[in-house]
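Okay, got some structures for you below.
One chain, chain A, links the two complexes that follow: it is found with chain B in the first and with chain C in the second.
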Partner chain A sequence: MKIDRRSFLSFVIGGAAGTALTPLPWKLTDDLSIWSQNWPWTPVPEGGEVTYVNSTCTLCPGGCGITVRKVEERVVKIEGMAGHPVNDGGICPLGLAGPQLLYGPYRVRTPLKRVGQRGQHQWAPISWEAALDEVTGKLTELRTKNEPQGLACITGDGRGTVYHLLARFLTAYGTPNLISAASAADTQGQALGRLTGIEGPVGHDLENSTYVLSFGAGLLEGWGTPARVFKANSARVDHGGKLIQVEARLSNTAAKADKWLPITPGSEADLALGLAAVIVSESLYKTDLIDDQNNGWDAFKAMLAETYNPEKVSGRTGLDKSIIVALAREFAKAEKPLAVCGRGRGQTPGSLAEALAVASLNALVGSIGRAGGLWTVAPETDTGWPEVETDAVATTAMAKGRIDGAAAQSPDRLHRFAPAVIEAKPYPLQMLLVVEANPYYGLADSQSVKTAWEKIPYIVSMSSFMDETAQNADLVLPLHTYLERYEDVAGSAGFTRPYIGLVRPAAKPQCDSLHPGDVILKLAKALGDSVAAAFAWDDYDTCLEETLGDKWQVLKEQGYWVDENFQPPGSDGAFKTASGRLDFAAVAAKNEPVALQGEEGAFPLVLIPYDSMRLAGNAIESPPFLAKTVENTVLKGHESFVEINPKTAQKLGVGEGARAELATPRGKAVVRVHLYDGIRPDVVAIARNLGHTGNGQYKFLAGKGVNANTLIAPVEDPVSGLDAAWGIRAKISRI
Partner chain B sequence: MKQEQGYKKFGMVIDLDKCTGCGACMVACMAENNVPFKQDETDKRLSITWMRVYKLTNGKPYPDTDICYLPRPCQHCEGHDGHSPCVSVCPATATDYDMATGIVSQIYTRCFGCRYCMAACPYHARYFNWWDPVWPDGMEKSLNPNVSVRTRGVVEKCSFCYHRYQLAREKAFVEERRDIEEGEYQTACTQACPSAAITFGDLNDPSHAVYELKKNPNAFRLLERLGTNTKIYYVSSREWVRRSGDNYLKHEPTGKVH
Partner chain C sequence: MSTDESKAHEVAGSSHSPESEAKNGVAGTVILFFILGLAASLVVGWIVFPKLLYSQKNQPFSFNHAIHLDQVDDGCASCHSFRDDGTFTGIPKLDSCVGCHEDVQGDTEDEKIFVEQYVQKQREVPWLVYAKQPPCVFFSHAAHVKMGKMDCVTCHGHIGTSTHSRVYEQNRITGLSRDIWGKSIAGFKENSWDRMKMDDCAQCHAVNQVGVRRGDLKDPVSSHFLETVQMLFPTSYNDYKGTSVQTEKDGCFVCHK
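Our next item is the complex of A and B:
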């Protein structure tokens, strides 16, 4: 048969038409799609019985109640616990991403001993026995040399039985160097304490306040307990309460406020005292709580009249005089006014002068100890444990003073850690134990932290995750996460009543990890003698149950304990001052807010690191779900953005997305520019909690962006002795 | 098919005066619905977020600048008589409008990835799986068995947590009740929102909170004039926010069209 052009075309066209009419191609496409949707590597989650475990979240100092949803043994979801006194069903994005921390590949699976150089991430897995033997050996060596004070311990949480066990262990061992990070809550506690004579964490009754005047507090950026503060904010919207935000940048809080006052950054204390001056001069203050018979009050009044009259304050803050006077009147005449401070999330302590100025505003309008106001919530610090009996070595060493220079009752000064180690004063540090903290990443002035690190001969990190500190340690001891253990959370940040939340295991330990309390008990036993004698318990769970005593039953049943009979100190009008009334002497003393580091000529801008709900702080690195919510104007690829005003950008000749060099007196970084109208032209802002370098090969957030701590440095407050830096002078140049 | 009386029409009223842009709704949605994640999620065109929170700005220079956040789930358009933009273009009937609930479904095993629906959706609420999702070793343990895991080559989107509706109905059936209570069926984002900015319920049922809330004079829907007839109502006391809900010309007043 001859195949001519005609028959060839008929065959091809006929064949094509025929194939199209049969179901064959469609069936094949369908089969292909079904087949390709059933790849064996696509997981099919197994079903099973659904159960719920009520527990407490420990990812921030809030201590929210959580309900963990389980399918058989698997934790599949975390939700806010309905009816909980702190958060009543609410939950923040970090809390929701909790299961990713439990099951993440960035967990430390077994004790690890460093084999390569520090920081190179080369490890040899060892047994717990070998790991504890090694630590015990090093600890014994120091004690034999009569130098137990050469050990320092940095811990993330300064509350609860784990902290008390750690403190007891270190006392028995013979070192005063247990250091936890101070925060804005400490400064606020000190400030209020100077007026009322009662020191301790401060509770803010935001739920009942009708007028909140915030001096830079990031109420919607993670301040206090986010889930609780957010709820209070929504209640305010419903009831028509007011929120005034004083801040250099239009933060989420400022955007939700009724009024945004972008004053000159650093003049917050001036504004607060300027308002106080108007309130006093117009006699708008409530007299019943104020001790107006002593010198403090007269000095305070004189200071206001002289230094803080509206003209002078207007000059310093950049606010119009009429706005200051109107704001003061509105605040004083509000039904339940409340002034708050603590910049951003309140992670850094901040200036005491500022906190005192804000506290005095509250004092003037009678908000201390009254519904809708604020008061001191004394934490439960008494464990009921017998006094530690120290041996001669420990007693001598304990008397040698702390390396951070903090006195017995004052908050720890973690910002002094790096300089003290570098200068080896008052004595050289020989061993560092880090318990659930990440100072290598989280301390300001990263360069000096790095230098200090090199001076420490031996570093042990007790951590659930391979964070920067663990990665730069000599030995890593893996811990249970909060979803795998029992613990008590003593107090909720900014909550108005004494509170304890119970952390309960929702899952079996996923790694060869231990409870931090059990590690301490094991170490104490291994050290023997007086150290072992200080601990009567076999394991942590027994210790917890015994310590909580009659609260244990309540905690086991409902998951939390709240002091129902709590009366706010001062609610009866009596404070613990000499006269029983509020004493203004401390506010009248010369309290200068600390100056920014850097010279204005060389660094014309002010760099302010800002907090965001979409990036986890403290020792926690944002889990993948949380990192996914970060906007592409904050982080894009591996680059951080800084926010600057379009006017400033024009002057510098940089446009949206342009790369630029950001320089401060402490460091430099290449960043990209995001033009933002909601920022003062003299300010540049950068997101905190980026630029992580830990976690080995899992780069969900590691290696992305700039760590703000490489650009800033602590500035010590002369009165409180805490870190008061909230920014630093900076310069942006085109590259 | 006309929607008959007695049928449900689930929808949301989102109070933008309360929304703080914290992102809890986004994370709650990801955790509930097994949404995948990659090492780099900063290219937002490729980042799957059934619920996405947009940041709006009034465009005014300092110090008159203002910003507002707007959470955007699938708008579950009804169009007229269930002719949603995506449903009418799907060649595989992989997405459909359920007259009994008002929910626009997405059936992954039917979808063959033509992405016509994505082009048709005016809200960018649909996402395509360009890659097979990967859960690093161990992380697959937190997957929710009530929602199927998607694969490469299919489109996915917000389902109003339909599996929660099914569970609630099953429970009611076992307890010999004809209907479910308002609180029994709530989406994951609604439940999680710490500001209680999202209210979810049956827009047809006068006993549900959304029924009254949607009548707020400050309520608006996105791109209302397209006739998509969506089921997400937004409430804002700020005029510029309401105005950004549609492409208004300068002389046009903001307000309801239908």
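Our next item is the complex of A and C:
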């Protein structure tokens, strides 16, 4: 028998015929189809009991109600809480991505002590006991030297019981340097306060307004409480209301507005007062709320007539005179007009002059204290705690003033932190405690921040995440995230009523972390004496329950508390001014808009950093759900894009996608060009919240794009003392 | 006539020539190898392949259903119950067991493993679930047990009277239990619980005429299931056309996630 090619082929054919008579091909096909429909590497939540926890989101100042969906112990989804007074079921992309923050690899899993150079990301895990001993040792050393004011604390949130505990701890310890970041809400509060005599956060009744005139407010870019503002915007569209967007760049808000007015950036206050001038000259203003017997009113009228007549304003804003007059008439005659300001998301405080101009516009049309308008919402600041009894060391140190120069009751001036540390004035800073904030990344003028950082001998970061500040600290203390702890959120940005949201644990702590309140209480106990005596509670949860008092039960039951009996100040026509009516004296005072940094000759363009719903703000790095939605005209690979008007690009000789150097007086960066008709020829823009420099675990946006803070710098408003910068002069060169 | 042609003629005229025998030998070899190939593939397909396809795994410890069933009042539902929201609990959690098994009961090795390794350490038992469908399948126990009044045995067989846990045969490709395809590699079944493939669901729905008309059905799951059945057994019902213009059927996503 000869085995040849023919034999082999017949064996194969016999095999094929036999195989067809077995289940093998059919079974394999079936199994492979099941396999390919259920890729084993695709995560599938375990089955189990589905439960829901009602809580409050703390990822932005909005304080939205959230419903956390769990399967057994695993958080699988976050939804907006239905029926919640702030967001009523709505939720933003960042809120949705919350589970990724809880389970992400960028959590700090255990207390870490630096072993390499700062920023090298070399750590030794240590126990909580050792970590707190180390901090207590450093704190005791400062107090022993009678220099407790050498400690500063930067915190991400200036509200709620944790903030009050921190403030109490620092007061008892002996340092006035508790600094939180001011925002546009502070400037708006100051501005409205000068007209009404009532200072505090401002609530905007966007839901009931029929005509919204926005001076650069990014209503669809994350302004106020995004979930609420988006809903209000949709309601306005449904009801036939109007939105006019005044902004140098065609943002999403401008694109969705009924009218977009791309004015010369920085002339927003001029336009607001220009509109006011038309309203006053044509007697279109509501007289019932205005104190027209006061000298302030006459001065205001005179100022408007002299400086802000339509011709002059037309020159400064670049808008045609007829547009200004028509807009003023339309605004004044609208049923419920509302003017808002606070650029982009409103993270930067901005110019007080601008906020005052916009507030006065609201005052003229009678929108203060009226439905569809705006009013001050007094925050719940009284904790009911007894006064802190400071010892001699603390009392002496507290009198030495703050390093940021802010006076009591005035908003903190975080932008002064870096210069104060570098100059060691009024005294050198010896220790920095950062609580749930990321100033190393988020403060403008990154180079100065870096220099300041090098001058601080000891830095502790209390954070849930390995952000840039944690990476450049000497000790990192991991905190529970908002999904693992109790807390109160006192107030919702831009909301119209006093509000408290209760943050409730939806999951067990995933790391060896602690509640920030408990860290403060433990440190106080360890320091002993008068510091320990200032705290009567054993743990934070007890403190929270006692502090909230009779509101606790309501909060436990429904997850939030709202003052149902709240009457907007001014709704009865009475304000806390001398006359009881709106006082225009402050608006009439000379409040020049703040000039931009940089010489126009060397830097012919104006750079504006812009906000986007697709990129999270300072202290939170965008989780993957969010980061993946960023367009490739904003970020491509590892490169940021700068938006340039095609005409400007043609002059510079750069085309779409070309690499160019973007330089400002504070820094420079290589970016790619995106030609955009929606931006004025004299303006260029880059996205904020890119360019994270994380290494190691913190990798989703690390090394991607440019951090706008490396290019911009604060400009202090001479009146409010807050950072008023909204951009910086810049130039673009081919490379 | 050429030389080649005369040779060809000779061959054709004489069937017993040596060349003819050689040809017969080649044909025999070809047939032999065909049969060998056929036989080998049949052996591989019917015997070797099933053994290669499935790995054998033991449960963490053996569970005696019979003992438990004797001691409860409500049959299977005593342990395999529905939650308030209508979802099915499946295999009970440790909490359901600790009431009796806080300490070792009896003297079996399995009981000792359970109490010492799981109850005392508060670890859930990582049972290998014979009836687990792939993640892309949505199946509602409530629709079948509560509304359809079906007996557990119909799908799960007489597991309630078992005294030990069977070996879990895991499909190396899909990771699922052999119970889904059925013990018979050819897919034959004698009992309703022998297989748990989509055809079996559809067959049962067709045979039992579950919800004969769409209008009679109140819950959307059964209503849509009817359409799946209709797709697989087009002659079953002729009184309904689905919403899809292309297929005249409704969504696959009722059962397929």
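One rule holds in what follows: the second predicted complex is superposed on the first by the 687 of 735 C-alpha atoms of A that agree within 3 Å, B and C clash if a C-alpha of one lies under 4 Å from a C-alpha of the other, contacts with A are read in each partner's own complex, and residues count from 1 in each chain.
What we mean here is this: a contact is a pair of C-beta atoms (placed from the backbone, for glycine too) under 8 Å apart; a residue touches a chain by one contact, two chains touch by 3 or more.
Keep in mind it's a predicted model, so treat the numbers as computed, not measured.
Peer 1: If you count the residues of chain A that each partner touches, which comes out higher, chain B or chain C?
Peer 2: On the superposition, B touches more of the residues of chain A.
Peer 1: Taking the superposition on A as described, I'd like to know which of chain B and chain C A:Gly501 touches: first, second, both or neither.
Peer 2: neither
Peer 1: State whether A:Pro85 touches chain B only (first), chain C only (second), both chains, or neither.
Peer 2: A:Pro85: touches no partner chain.
Peer 1: Counting only touches as set out at the top, which of chain B and chain C does A:Gln37 meet: first, second, both, neither?
Peer 2: Both chain B and chain C are touched by A:Gln37.
Peer 1: For A:Gly47, select first, second, both or neither according to whether it touches chain B, chain C, the two together, or no partner.
Peer 2: Both partners.
Peer 1: Looking at the overlay, does A:Gly158 come into contact with chain B only (first), chain C only (second), both, or neither?
Peer 2: neither
Peer 1: Just chain B (first), just chain C (second), both, or neither: which does A:Thr19 touch?
Peer 2: second
Peer 1: Contact-wise, after the overlay, does A:Gly372 reach chain B, chain C, both or neither (first, second, both, neither)?
Peer 2: A:Gly372 sits against neither chain B nor chain C.
Peer 1: Common interface residues of chain A with chain B and chain C?
Peer 2: Looking at chain A, the two contact sets intersect at 30, 34, 37-38, 42, 44, 47.
Peer 1: Would you tell me which residues of chain A are touching chain B in their complex?
Peer 2: So the residues of chain A touching chain B come out as 29-30, 33-34, 36-39, 41-48, 71, 74-80, 87, 89-93, 96-97, 99-100, 102-105, 220, 226-227, 230-231, 233-234, 237, 250, 252, 255-256, 260, 262, 510, 613-614, 624-632, 635-637, 645-647, 676-681, 698-700.
Peer 1: Any idea which chain C residues touch chain A in the complex?
Peer 2: Those residues of chain C that touch chain A are 25-26, 29-42, 44-46, 49, 53, 83, 85, 87, 89-90, 134-136, 171, 173-176, 181, 185-187.
Peer 1: Where on chain A is chain C touching in the complex?
Peer 2: 1-3, 6-8, 10-19, 21-24, 26-28, 30-32, 34-35, 37-38, 40, 42, 44, 47, 49-50
Peer 1: Show me the residue ranges of chain B that touch chain A in the complex, using the header's touch definition.
Peer 2: Per the touch definition, chain B meets chain A at residues 15, 17-18, 20-24, 26-28, 30-32, 34, 37, 39-44, 47, 49, 53, 55, 57, 59-63, 65-69, 108-109, 112-113, 132-133, 135-145, 149, 151-154, 191-197.
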